[in-house]
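We call the chains A, B, C and D, going by the order they appear; numbering starts again at 1 in every chain.
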Amino acid sequence: MISFESDYTTGTHPKILQRLMETNREVLPGYGNDVYCDAARRKIREACGCPEADVFFLVGGTQTNSVVISSMLREYEGVIAAKTGHVSLHEAGAVEITGHKVLEIDQVDGKLEASSVKRFIEQFYQDENHEHMVFPGMVYLSYPTEYGTLYTKKELTEIAEVCRQYEIPLFLDGARLGYGLMSQGADLSLKDIARLCDVFYIGGTKVGALCGEAVVFAKNYSPKHFVNHMKRHGALMAKGRVLGIQFDTLFTDGLYFEISSHAIEMAEKMKDIFKKKGYRFYLESPTNQQFFIVENEKLEKLKEKVRFGFWEKYDEAHTVVRFATSWSTTEEDLKWLEEIL
Amino acid sequence: MISFESDYTTGTHPKILQRLMETNREVLPGYGNDVYCDAARRKIREACGCPEADVFFLVGGTQTNSVVISSMLREYEGVIAAKTGHVSLHEAGAVEITGHKVLEIDQVDGKLEASSVKRFIEQFYQDENHEHMVFPGMVYLSYPTEYGTLYTKKELTEIAEVCRQYEIPLFLDGARLGYGLMSQGADLSLKDIARLCDVFYIGGTKVGALCGEAVVFAKNYSPKHFVNHMKRHGALMAKGRVLGIQFDTLFTDGLYFEISSHAIEMAEKMKDIFKKKGYRFYLESPTNQQFFIVENEKLEKLKEKVRFGFWEKYDEAHTVVRFATSWSTTEEDLKWLEEIL
Amino acid sequence: MISFESDYTTGTHPKILQRLMETNREVLPGYGNDVYCDAARRKIREACGCPEADVFFLVGGTQTNSVVISSMLREYEGVIAAKTGHVSLHEAGAVEITGHKVLEIDQVDGKLEASSVKRFIEQFYQDENHEHMVFPGMVYLSYPTEYGTLYTKKELTEIAEVCRQYEIPLFLDGARLGYGLMSQGADLSLKDIARLCDVFYIGGTKVGALCGEAVVFAKNYSPKHFVNHMKRHGALMAKGRVLGIQFDTLFTDGLYFEISSHAIEMAEKMKDIFKKKGYRFYLESPTNQQFFIVENEKLEKLKEKVRFGFWEKYDEAHTVVRFATSWSTTEEDLKWLEEIL
Amino acid sequence: MISFESDYTTGTHPKILQRLMETNREVLPGYGNDVYCDAARRKIREACGCPEADVFFLVGGTQTNSVVISSMLREYEGVIAAKTGHVSLHEAGAVEITGHKVLEIDQVDGKLEASSVKRFIEQFYQDENHEHMVFPGMVYLSYPTEYGTLYTKKELTEIAEVCRQYEIPLFLDGARLGYGLMSQGADLSLKDIARLCDVFYIGGTKVGALCGEAVVFAKNYSPKHFVNHMKRHGALMAKGRVLGIQFDTLFTDGLYFEISSHAIEMAEKMKDIFKKKGYRFYLESPTNQQFFIVENEKLEKLKEKVRFGFWEKYDEAHTVVRFATSWSTTEEDLKWLEEIL
């Protein structure tokens, strides 16, 4: 059976496996102090246009969000996020476990709006009782969002300006960053993101790695002793080489972007197939995740032949489903899909 | 200047002060193990119709919410509350500091609806990814609510039934409990509340005490070693007598209810004055807190002669203000108020 | 039965009760913003010789330790304390609940030694793996200690110097501060303590108040938004007046020192009685807590006539007991004690 | 340069890499729900003689300790551990971050003694103030210990009996479990450990895997919704296959034991070399970590030719160093070492 269930259902890009094999016998120091981590850091800094950036490698997305957010917030602060944000809904309280509140605000197609963020912060400071409330201490957003949508350069710039005005950092969750950067409609480059955000991470797990996320503190805002933060959250890998080698490979000869482009190309073709077959789109997503509205009856039949994700109930008779592409999606997969539909 | 700013701007009921004086020289054990705490517990159990209930005395409301909620939730659970709930907005993250999320849901006039609670829990369990989400582990509500409104017996019963169905405790924040119980429209007695809720607290601070809240675990649901929970949250008073003597006095000869009735009577008279003077009510509150819509211009003049609380902006030209009565509000205060208005 | 069980078994100094009565009807703002809190702050600053100090009022000792320590530590830091320190043993993990480790080191008669503190910090930084360890971020000590012993000016100065050298704050727990300051052998004044420590608290609960501890941030080291820290720990009293009035009274006409001197005088007389009766002292305490070694057989008889504290087993046949004096100890109590012994 | 620095300086056993390659294209569900995780669980249960055991895969040791301990302790409990235990010293406060205290007690050669554990718990319950203390809620120990030493079956049985008596779980940290099981002197089998402990983990990272630890809840003591605990601690790997495939391989045809035996054999040969060369042993370790006392002068020379770990200062002129073997240590490495020494 073919699968479009998510972008983490297959292993890793062959080049990564190959590098793991080639370096397997090398004796290397642990905890991210090896030459591959160093090389990966160097290449990432260059790709971001931030020669001074601090770069750290963690294992997974929830872990990364929890460690970054808790290390950057003051004790009395919370993080502003969309109600549909990953940290709001799907991380089982990994921010709250660190003692911090997620300050959930409204979103449009999964995106925060600068005006909403600004209004929220202003109202906070205008409230006479704000000493009895959680201080807004950071803005968290995803690029692409949970819905596969993208901020424009203008939108992200406006949000960054609100953050600068109130002197709170802007954190961009890039679990699927590559798919955003390589999207046909995107006008944000990696350098733009590094310039606009205080911290962000380049997702590996969902973009062709076995695991791993690269956190980039683009500005002079890196929390003191961040390695210690990682360690106490159980996020410091002993064989850090596993992460270093993967990111070194991903940022050699543009592999990260190549993988992402491939998935976007597959997604665009998949969109065409769904369009041709007369399916309704739940929303217009320019990235590797596509959301369709399917009749429940049809759904049951589809499930027998292809795997995909259930998103939410649309109405009594319809369901929203998610189809995702990845490094391993092939033209053949798409042909099969077309036949099935 | 007269003040209707809140119900905690004056000291304590004279009978409490008198008892503190009479008992001052007595040698008593600390940490709530004295005869006055015991007597207060006995009288509260009787008033609640719960001979088996566990009763504990804490100092303030935020502290009580934080200790009760964190001691009853499992690590992976959060507490359902109204978006406007005290724990959601005005406790500076005192629930999150314990590692738990406040699961905020919509409210009507400050009240949770059984149907919303049920829908929230059902959707949680229907979600295929609920292992990646915060489990709903408790329902929190206030009686009266932040807006001075009251649940009917029917409404509270329905919410309690949802809690029973999903086997999660129902916690009632009674910071202003007396004002609810003595409200003219209320159909819930203290015994009803003890029967319907798993845990609740009888507020002292806002009902005539210097400080103190009495937590009642009405059912066989009291967390093991609750005193230890209190201690580690810094909520165990060394001179526990201070709380015991106050609650013993409040529950002797019905003082708690007398104080509450007095404030309600004053509030009803105050309502009449505002009505007579043509003021608009923001909502219909049957308790000691009243909310009026006042023109901003008029507001400035009022502020020179009487203290009251600012609630929120109504529109460009109007503001919602709060006037509260308490044990110490007098007929004279009301006469002054009438003249000023 | 007479009692020397502890210094918090009776109510409060009559002057405090009197002031509570006199001010009871006054309308005052909540949360520590009233004129009595302000007056108390002013008088405490003056007594400390710190016109710039920030002063906050909390309810109890464990709460104060937890809030002060967690608000001053960075996320990855712990607090150095004696193994026998109150935060190490008797606060049920109130520091750990905030996510921080108590770094327990050896003590002598309840006291930290500057050399031990220095050695601990040096070894930490020499350890190649210190990024995998909890950073020493603060030194906590009590004055008097759990054993009623006192640091000399020289000893406290040396510890303060170690703290300055490593740029970590020194926190002095003064739950029984008055008894230390008024001890006959003490060479540390309140001004010395304010000069040497970054933060300390002046204990009220155990020195004649109903409750309350005054935290003094003597230097420019006061954590941002400390009131918010208090609030989220449930440590911000709604009727802050209760604390303000007490500390205003304690620091008017030297009442705090008078109460403390009285207890010390009673303790010295008590020591003489025990000496005369041939009792062995467990250690030499110059403060209001005295520790004696009593035969177990004798203990049983004593218990029928006088209350005191059990400290620890001394050997199979003997027990260490604690006798404490307070504001309410009288000459008559001592006469009775002499007869009993 | 050859290296005996630690057991995690090389990659992974070739068979693991091979399996990762073979399975790379397979479409598998995430989060540990794949067939390889299932197979690994089945094989581990069988190897442990626990057909009912719950088995979970996490990424690293500190993470595993933090998640297991916090999920099994009640809020008011701490975990008993040796002062030299990994959770006490070298995890940067990863237990405290979850709100729990590590109750550190004395050790002998890195090992807890049943009598010390029993005494600690007894003294706790005898203390009149134990409601003001952290409850002992679990015993943590490592097998092998930090010093490479091993508990005998008798010793572990005695500790387990103390745990049963006080109804607290026994948790065995098996980061290097294989090296203990395959040690020549060991009399504990994997089945013994599963029978005596309530929970333990089988370390992968330090025994030939790229990463991964397999937690085994041997008894009916597995915390409810453990996957949710993992998720909220950021310890749930999206591509759980990475862990499943590794453990499936390690527990196929006894590879885990083969790897461990190899390292032990190499360690025994290394011991002989050091003995022959007249080196002093710091303590008698029967596992893959060996500790030698070396003159500081000699140390400098050694460092130029071989990598090893610094353990601690022995005296002014000597240092304790650690030499570790692993899956990748070869006879050739040992020959080189002999020449160098």
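Everything below uses one rule, namely that contacts are C-beta pairs under 8 Å (C-beta built on N, C-alpha and C of every residue); 3 or more make two chains touch, one makes a residue touch a chain.
Just so you know, these numbers come straight off a predicted model, no measurement behind them.
Of all residue numbers used at the contact between chain B and chain D, over half are used by both chains, marking a mostly same-residue interface.
Set against the Cα centre of chain A, the chain with the most distant centre is C. The distance from the centre of chain A to the centre of chain B, each centre being the mean of the chain's C-alpha atoms, comes to 42 Å.
Centre-to-centre separation of chain B and chain D, using mean CA positions: 50 Å. Centre-to-centre separation between chain B and chain C, using Cα means, comes to 33 Å.
In chain B, the positions touching at least two other chains are 76, 91-93, 97-99, 131-132, 134, 228, 231-232, 236.
Residues of chain D that touch chain C in their complex: 76, 78, 89-93, 96-102, 104, 128-129, 131-134, 310. Against chain C, the residues of chain B that register as touching in their complex are 1-3, 5-6, 8-12, 14, 17, 20-21, 23-30, 59-67, 91-94, 97-98, 205-206, 210-211, 228, 231-239, 241-242, 307, 328. By the touch criterion stated above, chain B contacts chain D in their complex at residues 31, 70-71, 74-76, 98-99, 131-132, 134-135, 224-225, 227-229, 231-232, 236.
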